[in-house]
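After this come two complexes, each holding subunit A, first together with subunit B and then together with subunit C.
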Partner chain A sequence: MSGPLIAFYVISLCILGCAVLMLSFRKVIYMALAIGGVFVGCAAIYLLLGAEFVGVAQILIYAGAITILMMFAIMLTNHEATEPPFQWNARNVASAVGCILLGILILLVIRSTPWPQPDTSVDVNGGNSNPVAIGMALFKQYAIPFELVSLLLIVALVGAVILAQHRKEDE
Partner chain B sequence: MWDWRSQPLTVPSVIAMLIGAVVILLLALGVVTYTIYVQRRILGWMQLRIGPNRVGPLGLFQTIADVLKLLIKEDVVPAKADRALFMLAPIIAFVPSFTVMAVIPFSAHNVFTANLGIGVLFYLALSAITIHGVMLAGWASNNKYALIGGMRSAAQMLSYEIPLGLSLVGVVLMAGSLNLNDIVLAQQHAGLWNVIPQILGFIVFLIASTAELNRTPFDLPEAESELVAGYHVEYTGFRFAFFMLTEYMYLFAMAGLCATLFLGGWSGPLLPGWLWFAIKVFLYIFFQFWLQATLPRFRVDQLMTFSWKVLLPLALVNLVLTGVVKAIW
Partner chain C sequence: MAGGAPFPIPTGSVLALAAILFCIGLYGALTKRNLIIVLVSIELMLNAANINLVAFSKLSDKPSLNGQIFSLFTITVAAAEIAVGLALLLAIFRLRKTSEVKDLDVHKW
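Up next, the complex of A and B:
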């Protein structure tokens, strides 16, 4: 067993552990923390695969900004936010069966797909460092979609401000 | 064994990484210990006091005595606090503050530096994780001062992270790389430290990093006179020590980042690289203590306005100017 493979299994175990914890916690703030753990674990997987930029962007945006946003929302709304204790009823049984079926389906699809073997002799970064390669792709090959996405984000941002302001004036 | 940067992960290289981490941890602890001592001496000097001078020659062992005192104190967890989070929060706050040391090149040969291609981004990303620790500490303490301190701290660190990040983009544009080693080499190659062409970015960086470190005049999260001590008011003993350690670890890391990005890192004439680095780090740290001794605290309503309406436009202007100059050259 090589080092990266062991690291992969350890990190995957951490991610799955955090995900299971997130589902089993009853307090919302614990859930936010567990989901932060999942995000950090995913970033570790990206780093392990050599995608430095994506890995760090994952930490910056998901583990940093989004988790903090969730915590802010939880703290500002309800201090004692807890879910009622779990009990089996028809709906829960149905969703459990659905989840198991979905899991089996996904497993079968993954198993039956022929995955292309990566050619390790080809440098996906084209001889540049990883962030340079991503910049080249974003600003040359995909310049127009990139600009459109930034436009969408601006519209969402301004829209959120306008919505929030409108409500204040009504009061 | 020691050149783990250029080879795949193996057992000896993992052991070498562990040894490297322990060496850097000891170095950082030593720096933090004497930063606190120097802070108290400088503040004493500026306020016409003597400062610590009892323990050891010139009071040199004062901080060690203080740390020992904190370690053997009773560890109190308030009865109404959220026990698990209360214990976890100092760890979440401390771990990133030490991890960011991995990307800072201490000397020309930087034996223990990770040479990450995205070093600058790595620093920014990890320092955002500390906000979780601070916020959770405030929330888990179940104390209104702690909660307000934690919220203030999170809001302040989040909003000042944006001008901080943007002020670094100018430097990255100059060097054409996010790698801290490459940025130092580019400055050495140009024969000019970034502080001169990037003077606007440097000013924004100085202000935003002071706010990011929660130091005077931006120490609102800890405002002793209004919030008692902010998010760590309920903490005692070694958990409190961890928060203090985080704070001073970040001071050291931010000083290292400032020296690397704007002051040429380890490059300089005559003296060896590590000494140049130490001098530049000390300059930044001294500047912080100087501010602490001479400036009053910001008002809470001025704080956010200043970040969003002054620093952010300045950082953007700097970015555009750098881009234009770079394109014309």
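Up next, the complex of A and C:
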């Protein structure tokens, strides 16, 4: 067992623990907090896999912005909302069985597929640091998708403001 | 083919983590009653996909940056989705004073 492998298993345990806690909490605000733990754990996995820029962006966007946005939404709506405890009705049982079957199927497929030996001699960053390499690729090879994503972001921003603003006829 | 020391984390373990996370997210999205929690569960599923993208950018036999850049795009789209989703949620709450999935059945027939 080497250091990164132990770190990987510890972080995976934290992520899955937070995700299961998220499902088992009753208060909605605790659920939003637990999801923050999952996002931070995913960032740690990215750092472990050598994707520094994506890891930091994950912390900034998911753990920073999205979790806080969730908190705002919960506080602005029904902030004392609670989930009912697990009931044995048809929908819950069918969902649980379906998800477990899907999980077992994916795990079996992963287990039976011969994965290629990772080639560790290639430096994906091409000699630069990781953010520099990502910037080069974004602005050269992926310039058009990058611009389209910025367009999508501005549309989403304006759309969110228009949807959430008060209208006269509501009152 | 594989030069240098082998990477210590096996590919299958990372993919298994993503698969389990995806299934947890799917279960949450199907069963939870609060709209915010359904949105959160969808974010969990997107995160699982991101883990796969980053894992294959490092652990395939031809490592490249493409996976990391794809995951950046996914993160951006997820941020846009959650912003619009929460705005819709606020509009619904203002109109109907509820944030539960079961109350949003106007179009049910």
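In this text, the second predicted complex is superposed on the first by the 162 of 171 C-alpha atoms of A that agree within 3 Å, B and C clash if a C-alpha of one lies under 4 Å from a C-alpha of the other, contacts with A are read in each partner's own complex, and residues count from 1 in each chain.
Going forward, a contact is a pair of C-beta atoms (placed from the backbone, for glycine too) under 8 Å apart; a residue touches a chain by one contact, two chains touch by 3 or more.
Bear in mind that the values here come from a model prediction, so they are computed numbers and not experimental data.
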| item | value |
| --- | --- |
| Touching partner for A:P4 - first (subunit B), second (subunit C), both, neither | both |
| First (subunit B), second (subunit C), both or neither touched by A:G36 | first |
| Which of subunit B and subunit C A:I68 touches, first, second, both or neither | first |
| Most subunit A residues touched (candidates subunit B, subunit C) | C |
| Touched partner set for A:V97, first subunit B, second subunit C, both or neither | neither |
| Contacts of A:A143 with subunit B and subunit C, given as first, second, both or neither | neither |
| Which of subunit B and subunit C A:A156 touches, first, second, both or neither | second |
| Partner chain in contact with A:L108 - subunit B first, subunit C second, else both or neither | neither |
| Which of subunit B and subunit C A:A57 touches, first, second, both or neither | both |
| Contact residues of subunit A, present in both the subunit B and the subunit C interface | 2-4, 53, 57, 65, 72 |
| Residue ranges of subunit A in contact with subunit B within the complex | 2-4, 7, 29-30, 33, 36, 40, 52-53, 56-57, 59-60, 63-65, 67-68, 71-72, 75, 129-132 |
| Interfacial residue positions of subunit C with respect to subunit A in the complex | 1-17, 19-28, 30-34, 36-37, 39-40, 43-44, 47, 50-51, 54-55, 57-66, 68-69, 71-73, 75-84, 86-91, 93-95, 98-100 |
| Residues of subunit A defined as touching subunit C within the complex | 2-5, 8-9, 12, 15-16, 19-20, 22-23, 28, 31-32, 35, 38-39, 42, 45-46, 48-51, 53-54, 57-58, 61-62, 65-66, 69-70, 72-74, 76-78, 81, 83-84, 91-92, 95-96, 98-100, 102-103, 106-107, 110-111, 113, 115-122, 124-125, 133-134, 137-138, 142, 145, 149, 152-153, 155-157, 159-161, 163-164, 166, 170 |
| Contact set on subunit B toward subunit A in their complex | 8-11, 13-14, 84-85, 88, 116-118, 121-122, 124-126, 128-129, 131-132, 135-136, 139, 147, 151, 154, 158, 177-179 |
